[in-house]
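Provided herewith is a single structure, encoded as structure tokens, for subsequent inquiry.
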Amino acid sequence: MSTLVADTVSKRFGGVTALSNVSLELREGEIHGLIGPNGSGKTTLLNLLTGYYQVDEGDIRLDGESLARSPVQQRPRVGVARTFQKPRLLGSLSVLDNAMLGGWCETRAGFLETALALPRARREERALRDRAEELLHGVGLGYAIHRRASLLDHAEQRFLEIARGLVMRARFILLDEPAGGLTEGEIEHLASIVTALRDAGIGVLLVEHHTDFVFSVCDRVTTLNLGRMIKHATPAEVRSDPEVIRVYLGA
Amino acid sequence: MTTDRIPARMHRGPATVSAAGLALAVGLFAGTAGADTTPVKIGWLSSLTGPLSSAAVAENQGVKFAVDEINKAGGIDGRKIELITRDTAGDPTKAVNFAQQLVLSEKVDFVIGPVNSGESLATVPILARAGVPNIIIGTVDELTDPQKYPRAFRAIATNEQWIGSANDYAIKTLKRSKVAIIGDTTGYGTSSAKKAEALLADAGIKPVYSVLIDANKTDLTDEMTKARAAGADVVMPWSAATGLLARVLNARGNMQWDVPVVGHPAIMGLPIKDLLNKPEYWEQTYAAGYSSTTYGVDGKLPGPTTALMDKMRPEFGGTINFTFWWVTLGYDTVKIIEHAVKTAGSTDKAAVQKALESTQNLKGTYADYSWGPKQRNGFPDSGIVINKANTFKDGSFEAAPH
Amino acid sequence: MTTSSLPRLGTLAVGGILAVTLPFWVGDFYQLHLAALIGVYWVLISGLNLVVGYTGQLSIGHVGLLSIGSYAFAILVGRYGVDPLLTLALAGGLGGLCGFLLGLPSLRLPGFYFAMATMAFALIMAELSLAQGDLTGGGAGLPVPGFAAPFDTPTGFYWLVLLVAALITWMTWNVARLMWGRGLIALRDSEVAAAAVGVPIFRLKLTVFTFSGVTAGIGGALFASLQSYITPETFVFELGLFFFVCIIIGGRGSILGPFVGTVVLTALPEMVAPLAKLGNFFYGLLLLAVVLVVPEGIGHVIKSVMARLQKKGPEPKGLQPDIGRLAAAVRRGMRQDIQRGHAS
Amino acid sequence: MLTVLVSGLAIGALYAATGLAYNIMFSTSKVLSVTTGHICMLGGVFGAYFMLDLGLPAPVALVGAVLVGAAFGLLTEVIAIRRVLARSDEHLWLLSTLALATMVQQAVGLWWGTEPRPFPRLADQDFTAGVLDQKYWLPIAAVVAMALGLEFFYRRTMYGKVFQAVSEDAFAARARGIATDRTRALSFAIAGALGGLAGFAAGQLTFAFFALGLTLTLYGFIALAVGGLGSNVGALVGGVALGLFQTLATYLFGGEYQQTIAVGLLMVVLLVKPEGLFGSKKVRPV
């Protein structure tokens, strides 16, 4: 089974230790929740997994191979995608173009091939377009395919980022607070999407504050506090853990 | 870069005869065709704004005055002159555009200019291709060539004439042989400095110091110090950049270096005066000037100059605070065209070329001009005089001491 | 980047026919000369547009690359008698090489540093063309030969320019509408997003900058031939600024916008004399107005007006995921993934 | 040789002053303005205009030049910076300041003329003073005064502390109730005033010349990049180093490759030490 692993990683910023000896294993075909109070190091861990930060100690491994020193741009090549807390889209481009951008690593046509519109460039373009359209319809953005991304509302932007990650053919997709700012109905859609992804064999990491959502969809949940892992178990176990209740869930 | 000197004077006989014959033939032709009353269109490429605009503005006054004068007197053979002025702002790309516009759109009969050599180098081939007679007022030698540009006739002195006379003065009159050459890093400055070195080499002199300086360099004390250390006994700046020239004089004065400066005419211009630290820094400064704007021993300017100055004085509001030769040059360019059209009897381009080719000793204000079949530089060597810089009066100068 | 609609194709066809037949209906040769000049500028600007308009790298010194192409053409054809058309290609190659060498250190620098580096490059090129007098004719400059028949007449030359400009425009259009265009815009608008999808930032910048060097070199060769004589004063820094302003005013991330910008800014001072006198002040004012009022450029304004006109009926609102379709698409992707054996 | 060193020092002082003006504006806005060199140019041109054309005495002209500089600095902020910074697009300020710089240069060219014009003597001194001449020492004295004044301002005055707070973290400063917009406007006015002062002091060295602005924008920036963006000591060292380097190179090899040499210096420094000699790594926005 394929896994994306953070193995006893630590990360410091200046004098502040953001993460200390934290481990996390994301398997394919599971939804893994990552929760904790503000400042507990959730996003830092996600940034380590996706290569935006480099670990100070420990290792990041994909299927046993270390990724700790490989740059951000390498992650899509090995099938690791992510979304952002504040969606990073290209506002001047259409929804379709934004989704197709996810296929960058798959296209092989070089600059000249593209400039001369040689067959391979056009073939890749067509294939990618079909695939992106399917996925956009799949996540429910079919009606907005040709709209400018800057005209999307918040939820639409989040779903578009997911579609972009899927166009990449991610084996692991790491979602940074995907439910933030979504309505109840939209969260339900989100839940059905991530479940479908899991069923298709993708490993999904959910960094979330919305605990009801996390506990209802996740297979396993990791809880962080002050840069340390305090509990790692099934949703039911985490939910009833006194330490988790004390620092995070509240009574 | 060719340095062949073409003799300034041609043999007279055959040229005059053929000119007469031609005039006769053309006259007969014109007579049968009936009087032509279409205007003579003159395109005037002037850099009225931008760098080096001061010369162009003065020339423009001469050009306009001549056109008005001729039109008031009934035109050339009854044909009025239509002057089409284009401001190139000293930009070669604009100059090329306007040259194309003048020949292709306006279909002018003549083009005067452009003013700056850099622009002229670009426009001369274009005008040559269109076959339009072009009165050249740039000094760079490459602008004229009877084979390549058969209808480009130069009215102004060549750079070579300026530099040659200045060299002669420094070597023969001042008896100096250790020359320091200063050029600037503009196109004009570099090619002039090179030319000056070549001409000195012809006279068997190798400069003791030679340098190209950024025209906006703020302080020249270091360069002048080096020139002095190299043992120079005369400094020859070849640059049209007023600021640079003023800094040469200031550095010399501040160092209290007693050395004559002989060089480019711009060093006599009135703008220099304002840039000098002290008025006496203009002493011992000489430059190539023109006999037409040089006061004689009697304190008088040559007759034609005085006459033009008197006629034009009201236009300047009484005082003349720019070098007057620009005005005489501008004035003469139009008079040359008048002469060419009258001689040719029409504005037919080939006839005009013939007419100008056979022009000998055409009396002008700026100079007397002679061109020939193989001679495109009409300005005579004798028209150059070395002037004393600080004698500016009414845009004219006194001769340098002999 | 979306599919081109029929009216757009129609406009393109009409424009193309007008451009090709221009010599037959234009008022006089001067206007043809202007049209050729616009075409020559456009050859450079369309390449620069990928750098400035798409990638967001503010190069204000492309006049330096232009001068390299011009001098290469003048020297190779004029002095060594190399075939002009071959030299056109060589000038492009040399321009590309110089663009590559300039981009190698400077594209790693942040925005203002990069702009200053390109400006300095333009000044250095001017300095070198003066100093290397034996090669470039120094300040006196060089005469530039024309092309051989059938490109030796104003009409023939215009068609040559048109052909080259159309080819390069087509190439930049392909780049812009296909995958590379998305990557470039990602670099401009969000390097974070670009990195997240695996766009190699520096390699893209360098490739596109090198390409702009090629078009600048080719443009330079054509420019020199059109000018018929070049001196260092031909390649003033302000010309580089002019190219840059054409793009910004026309609009970033558009091809039509900068093209309109080039046409208008080249032709306007010729038509309206007082503007010519104001010169750079006018360009500065236009640039400032655009940055303050419509930072996306005039092309963008036209686009949004068109989009508003085309908008038909209310669109369905609200997300409705189609889970079956999603799962199928993802599974299909996974299968292909396994088939290609994850070859990366 | 001594003259060479002193004149290098003097022109270097002007570069350093431009670098300081860059820094002042950068600290509160994170903007490098293309108009920086033009501020100094205006100081020189207006100084000459006040004294020669209007016949005002030197101290009045100095105040006038400083005011013109300050007004232009403020104008830059109001026109080219304020509205643009409100947008998230990163490099719009480069375009707006470039546009403004182009306009100012062309306007001065049209009004004042494109030829360099003289700048009058300020102190009564004979021109034969050689290396002791005021044209060398005035810009040097001006930049020293500028640097000391800034040091005092940042360390000892309340406004200076506000500047530093905004410089370190504009967001936090705003949260603590500091009017960051006003602070930024003030910093541009101060940079303008000091730039005007420097341009005035260097007037005899540079003459009153419209094209000086762009040259100074480039060389002042090179000085700053070499010294380290954000560091005033860096600006001083970078400016003096560039001035001396340039003058010496010209002295030894001639003026043909002046710009090439200056930019070569910049490239070498950026390759070896990208943050500049005195810059801190985090300041440079890569």
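Lettered A, B, C and D in written order, each chain numbered from 1.
We adopt the following convention: contacts are C-beta pairs under 8 Å (C-beta built on N, C-alpha and C of every residue); 3 or more make two chains touch, one makes a residue touch a chain.
Predicted model only: the values in this text are computed from it and were never measured.
Trainee: Can you identify the chain nearest the overall CA centroid, using each chain's own CA centroid?
Mentor: Closest to the centre of all protein C-alpha atoms: chain C.
Trainee: If I rank B-C and B-D by number of C-beta contact pairs, which comes first?
Mentor: Taking the two pairs in turn, the one with more contacts turns out to be B-C.
Trainee: From the centre of chain B, which other chain's Cα mean sits the farthest off?
Mentor: Chain centre farthest from chain B's centre: A.
Trainee: Between chain A and chain D, what is the gap in Å from one C-alpha centre to the other?
Mentor: Between these chains, centre-to-centre, one finds 48 Å.
Trainee: Between chain A and chain B, tell me the centre distance in angstrom, where each centre is the average of that chain's C-alpha atoms.
Mentor: One centre to the other, that is 76 Å.
Trainee: Quick check: how many Å separate the C-alpha centres of chain B and chain D?
Mentor: 41
Trainee: Where in chain D do residues touch two or more other chains at once?
Mentor: Residues 110, 256, 258 of chain D touch two or more partner chains.
Trainee: Mind pulling the residue numbers of chain C that touch at least two other chains?
Mentor: 127, 130-131, 279
Trainee: Residues of chain A that contact two or more other chains, please.
Mentor: none
Trainee: Strictly by the criterion at the top, what is the full list of touching chain pairs?
Mentor: A-C, B-C, B-D, C-D
Trainee: Can you check the complex and tell me which residues of chain B touch chain C?
Mentor: 1, 49, 87, 89-94, 96-97, 100-101, 104-105, 118, 121-126, 129, 140, 142, 185-191, 194
Trainee: Going by the contact rule at the top, pick out the chain A residues touching chain C in the complex.
Mentor: 50, 52, 72-79, 81-82, 84, 88-94, 96-97, 100-105, 107, 109, 111, 114-117, 121-122, 124-125, 128, 131, 134-135, 137-144, 146-147, 155-156, 159, 164, 166, 168-169, 171, 186, 189, 192-193, 196-197, 199-202
Trainee: Show which residues of chain D lie in contact with chain C when the two form their complex.
Mentor: The touching residues are 32, 79-80, 83-84, 87, 89-92, 94-96, 98-103, 105-107, 110, 214, 218, 221-222, 225, 256-260, 262-263, 266-267, 270-271, 284-286.
Trainee: For the complex, give me every residue of chain D touching chain B.
Mentor: Chain D reaches chain B through residues 3-4, 7, 10-11, 110, 114-118, 121, 127-130, 133, 135, 205-207, 209, 211-212, 215, 247, 250-251, 254-256, 258.
Trainee: Write out the stretch or stretches of chain C touching chain D in their complex.
Mentor: Its residues touching chain D are 56, 58, 60, 105, 109-113, 115-117, 119-121, 123-124, 127-128, 130-131, 237, 241, 248, 278-281, 283-285, 287-288, 291-292, 295.
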